[in-house]
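Please read through the structure below; I'll follow up with questions.
Note that the chains take the letters A, B, C, D, E and F in the order they are written out, and that residue 1 is the start of every chain.
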Amino acid sequence: MDQAKIKKELAALAAEGMPEPEPVEETPEVEAVPEEQAEAKPKKKEKEKPKPRLNGLVETPYDERGAHVDVQLNPDQVVRAAEILDSEGMTLEAVTGVDWLAEKQMEAVYDYSYTGGELFRVVIRARADRAQPDFPTISNVFGGANWHERETWDLLGINFTGHPQLERLLLPEDADFHPLRKDYKP
Amino acid sequence: MAGYFNELFSGTKSLAIGLRITIKECFKPVVTLQYPHESLVMTPRYRGHIELVGDAETGETKCIVCGMCQRACPSGCITVKGEKREGVKGKVLTVYQLDFTKCSLCGQCVESCKPGAIDFSHEYNLASTRKEDFIFDLVKRLKDKS
Amino acid sequence: MLNLSAQLNTYLVIGAMLFGFGVCGLIRRPTLIGMLIAAELVLCGASINFMAFNHFLAPDPTVGQIMTLFIMAIAAAEAAIAMSILVCIYRDYKSIELENLEELSG
Amino acid sequence: MNPTLLSPEGLSGLVFLGLVAVTICGAVIATAAKRLIRCLTGLVACFMGVAGLYYYLGSPFVAMMQLLIYVGAIAIVIAFGIMLAEPDEAKLVKKKSGLSGVLSLIAGSAVAWGLAVAALRADWMSPAVKLNDGSVRDVGMSLLTTYSMVFELVSVVLLVAILGSLALARTGRDKE
Amino acid sequence: MTLLAESQLHETFELNLGPQHPATHGVLRVKLTMDGEYIVKAEPVLGYIHRMHEKMGENRTWAQFMANVGRMDYLSAMSFNHGYVALVERAMGIEVPERAEYLRVITVELNRIQSHLLWWGAFVLDLGGFSPLLYAFDDREQILDLLETVTGSRLTYSYFRFGGLYNDIDENFVDGARAFIKRLRSRIPMYHDLVTYNIILMTRLKGVGPISAEMCRKYGATGPVLRGSGIQFDIRKNEPYSVYPEFDFDIPVYHEGDCMARYMVRMDEMEQSMRIIEQALDKLPDGPVKAKKVPKLIKPPIGDYYHAVEAARGTFSIRVVSNKTNKPYRMKLRSPTFSNLSLFEEASEGMLLADALALMGSLDLVIPEIDR
Amino acid sequence: MNEVIRLVIYLVAIIAFAALNAAYLVWVERKGAGHIQRRIGPKEVGPYGLLQPLADGAKLMSKQILIPRGVDVPLFMIAPVLAMVPAIMSFVTIPFSETLVARDINIGLLMIFAFASVNIMALLLGGWASRNKYAVISATRAVSQNVSYEIPMLITVITIVMISGSMNLNEIVMQQTNILKWYIWPWTGNFLGPISFLLFFTCSLAETNRAPFDLGEAESELIAGFHTEYAGMGFGMFFMGEYANIVIGCSLITILFLGGWQCPFGLFPGIHWFLIKLYALCWTFVWIRWTYPRTTLWGLLNLSWKYLIPISLVNLILTAGLLKVM
């Protein structure tokens, strides 16, 4: 595993997917959420139009965040990113999603780590429209992603296109809801 | 051929050792507790369901009906109600109900209680076939106790 | 009725009946295994005859017993061979019904 | 001369009748049952009855061998065959029953009747002297003297049968 | 795939293993497609005790969620609690007193031994030996008694608090822990004699269910499964947290990747845990067990936080997204056996049923943790 | 008439003996398991839980016999009987003492094996008729195990028959008048001596489907094996048959190798010696069961074909040679 190489390639990948050739700034996506969010009531968010985080690579302080590199990509680039990380011997630890109801977006988050000795954690994230959250599957690259993606689909309704078996994993087969969506009412 | 016999002998030996161990264990004293006939005393920190603590002198509850425990409970199994009475400062506890069917014994309520009015009981023989048996009226329990 | 066991004819009739059942089964059964079962009945009928004659008529009463033992050995061999042939047929044809095996008849 | 029912002879006659019944019932089931596994059960019952008959014929040794070989080996082999192929006989029998059912019944009863009549009509002569009493020891002796050649041949047949069936049935996982 | 192709020649049948089956240790269901006694395809079906802990996390305050974490993996609740408090402490920037960290390590390692002991017994039970289970329970009870005197609970401890511990240990704990270690040290050779070197067990485990390091990587397998495949990876060493860097211990590694390797890794890990506990007991500093400056209201700053710990079954990690409220915005719980089980489908292809169950046992499944 | 009464008495006694043994071996098993695992085992019903077997029996008998849908009913009902009856029949020829034998058949040894083979058929039919995949797998396992272990077992028996020159169990016992004349020793002609005893012991473990060879009812793989679908007395019959088989297996070992009802020192031979030896062996069965993990089918067949059959054959040949020399 070569940290510098991974960073370089991921940054290049992120730059590719940029809509405008603006340099990547240190704007972690978290700032997208307004500071005075008292009760996580998503409707309040709409008042201040937050600036969405741009694609790009951010080096995050490990001690505070628990990850070294945080990369935002376009949804169609996650497979490329997975291939880059796979070729460097990284492991996929988890796939998950976040429902950003206020921004009407759905985010998929991929946690990568390295089990070969050195400590290196990479977070790949991508956002898609909440109405049609389509991400390509990386289960062809990492077999373990199969279940993680199924689970994410199951709980959040993120659609992983090309997934071999996108069925309910944890919920019953006849469930017609995605409980982790913020607008889910039991 | 040597491997064949080697495997045969070492295998048989390992089996004999196993038998020796179990027969030794067979003659050691039993370690189990014969539950309905004997029972354990719980350790001082044992976390059973909660109960109201009576004041050492008066035996009255220390509860000031602040409702912190009710708010701290993750599963909402505590119901506290109090009323203002003349001549008494603050509120007087009238209802303290614990729905033990939902309680996960996390101890958040005990920790949140400033006056130290609730504590864990050491009871554990709580089996029952009816759900209603697990809705405890802690005020009544405190009265029965004192 | 109660001393039937001491009469040769009882055994011969039983043997003949078993033989008859066997023949009936051989014709009737549509599968190889069914026919094998019927064949065992035929052999059994024959063995009973041997044993009966051995007991009642033979001057040397070991002959019939030995014959029966040989029949058993042959039956065992037959069953083993029949079963392995059956396995082979089943593997190729996915069936042990006789009708489906017509192409075997040269 | 009929023995009374409760005398040892009477009881043994009763048991004999039971054995005959088991044999015949077993044979009927083995021929007529629709499911093969039931046929096999019938066959096993028949074998057990026949073993009992052998016992009455003064040869417990052969009776035990009958159980050991027929029930313990042949029936098991057939059972495995049934498990392997599991043919749906019920359907097949129905398909075939028209002519062959009648035909088989006629043929079977004709053979049985013919044999029985032949057996009953014949005038069997009891031997004047018996050379031995047909005990296990005698059987063993003649197997190793008079019939030694046959004995050897049978062993060869068995060996060949085992090898042959192994060769026939053996294809398999190690082919991968 | 060759096997699948060949299975077209053979006839296959479906066998439904579970959800109520003695070998699945809980309510896991495995849909098996069998060719005789060989497995053509084994598809685990999950979710029979799914409780949606992640959603519960979004509806509870940070402190209230503590009880849930321990309930995911009831066998190493301590490690899971540790992961959660460490995450919140990382997010809030809380410094934990040293004594508290030492006690956390001691209790977590005791909990790990307890978990491995139970696994050992249950695994041998899967293989048909019953007595070892009860011997293991006998020793495990000692740990549970120890932990009960400290935490008040035997399984779901909720002992840790943000910035420290619920309460300090009592005076008997140190002696009790030392006595227990002495006892277990004398018992483990017996375990090896009775089970490990038993020829029947060896033939059942050696070379059975090999999992390659590459397969572990692809499936994200961690913990003893990964270490049994020859990769020296342990969060306690590779991504040190708490006070683990101060202890001298080894990561047991076996390179065969078979069931025996995973078995041996766990057996050796018990010894390493005992070493850690001994050192921690020796070095145990005095002082408070709770940080002074813990905010009343836990509201971590906006952002993503990630923390991983080494639970008994592998890497347990939590990702939370905080929006600076008293409840998490999103909480992802990444449990180790979820990933470990996901490789079962590939690893069990073409195995015998009995061997596949040995493989499943060697993965050390705790179903509530998979289903969460 | 006397003959008839004697027969009835023996029949009743044998059935009672078999049932009692089945019941109390379970008690021994549970108590033994308890103490091996540092527990007490049954203790509530009667002193030391001695009435527990009766309570269990009453429970089994009062249970409804469930017949699941799709089961082949006649076979399903016959199978437990077929498992039980031959086991009881085998008792007929076992000499508990010089005179205490129901029917002293001169091929008693052969008879026991003949009836044992019927038992296999019962497992197969029971498993097959249950229409349960676990039961079928279990039945095939049990049968292939039984068949492959019958070979070394019979070869060893032949060795003993060669030494003793008889297949009559009582006669075999009569020849082993004291401990030095037991057929377990090489100088009696049994060339490999104790090894052949161990071999026979292993085979009887396998033949009676006992741990570590209890593949047929490997509970962690096949639920309860061939009797998964049986409830109440259907299960009870299988159970009794199984324990009766254990008693028969142990009796056979006692008779063939340990001198049956003969005293080791030639004093006071009688049924007590037989029972002591018998129950010591039964206890060993229990002891082994609670010690070892289970083998796999492949390991089992390997053991049979790679070790037991060659060793028993070698023993047969060497014994024949030794007898020729002696």
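Here, contacts are C-beta pairs under 8 Å (C-beta built on N, C-alpha and C of every residue); 3 or more make two chains touch, one makes a residue touch a chain.
Treat the numbers as computed from the prediction; the structure is a model and nothing was measured.
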| item | value |
| --- | --- |
| Chain hops separating chain F from chain A, counting only touching neighbours | 2 |
| Those chains which touch chain E and also touch chain D | F |
| Centroid comparison with chain F (C-alpha atoms), farthest chain | A |
| Pair sharing more residue contacts (C-beta pairs) when A-E is set against B-F | A-E |
| Approximate Å spacing (C-alpha centroids) for the pair chain A, chain D | 74 |
| Chain centre separation in whole Å, for chain C relative to chain B (CA means) | 73 |
| Chain E and chain F, separation of their C-alpha mean positions in angstrom | 43 |
| Chain centre separation (chain B, chain E; CA means) in Å | 25 |
| Sites on chain A at which at least two other chains make contact | none |
| Shared-contact residues (touching 2 or more other chains) in chain D | 61, 65, 73, 80 |
| Residues of chain F engaged with two or more neighbouring chains | 36-39, 290-292 |
| Chain D residues within the chain C interface of the complex | 1-3, 5, 9-10, 12-14, 16-17, 20, 23-24, 27-28, 30-31, 36, 39-40, 43, 46-47, 50, 53-54, 56-59, 61-62, 65-66, 69-70, 73-74, 77-78, 80-82, 84-85, 87, 89, 92-93, 95-96, 100-101, 103-105, 107-116, 119-120, 124-134, 138-139, 141-143, 147, 150, 154, 157-158, 160-162, 164-166, 168-169, 171 |
| List of chain E residues in touch with chain A within their complex | 46-47, 50, 52, 54-55, 58, 87, 90-91, 93, 215-222, 226, 231-233, 238-239, 302-308, 315, 317, 319, 321, 323-325, 327, 329-330, 332, 334, 338-339, 342-343, 346, 371-372 |
| Partner chain B, residues of chain E touching it in the complex | 60-61, 63-68, 71, 131, 135, 138, 148-153, 156, 158, 166-167, 170, 190, 193-195, 197-200, 202 |
| Touch list for chain F against partner chain E, complex | 33, 36-39, 133-134, 137, 211-212, 214, 218-221, 223, 290-299 |
| Residue numbers on chain D that touch chain F, as the complex places them | 6-8, 11, 35, 37-38, 41, 44, 48, 51, 60-61, 63-65, 67-68, 71-73, 75-76, 79-80, 83, 135-136 |
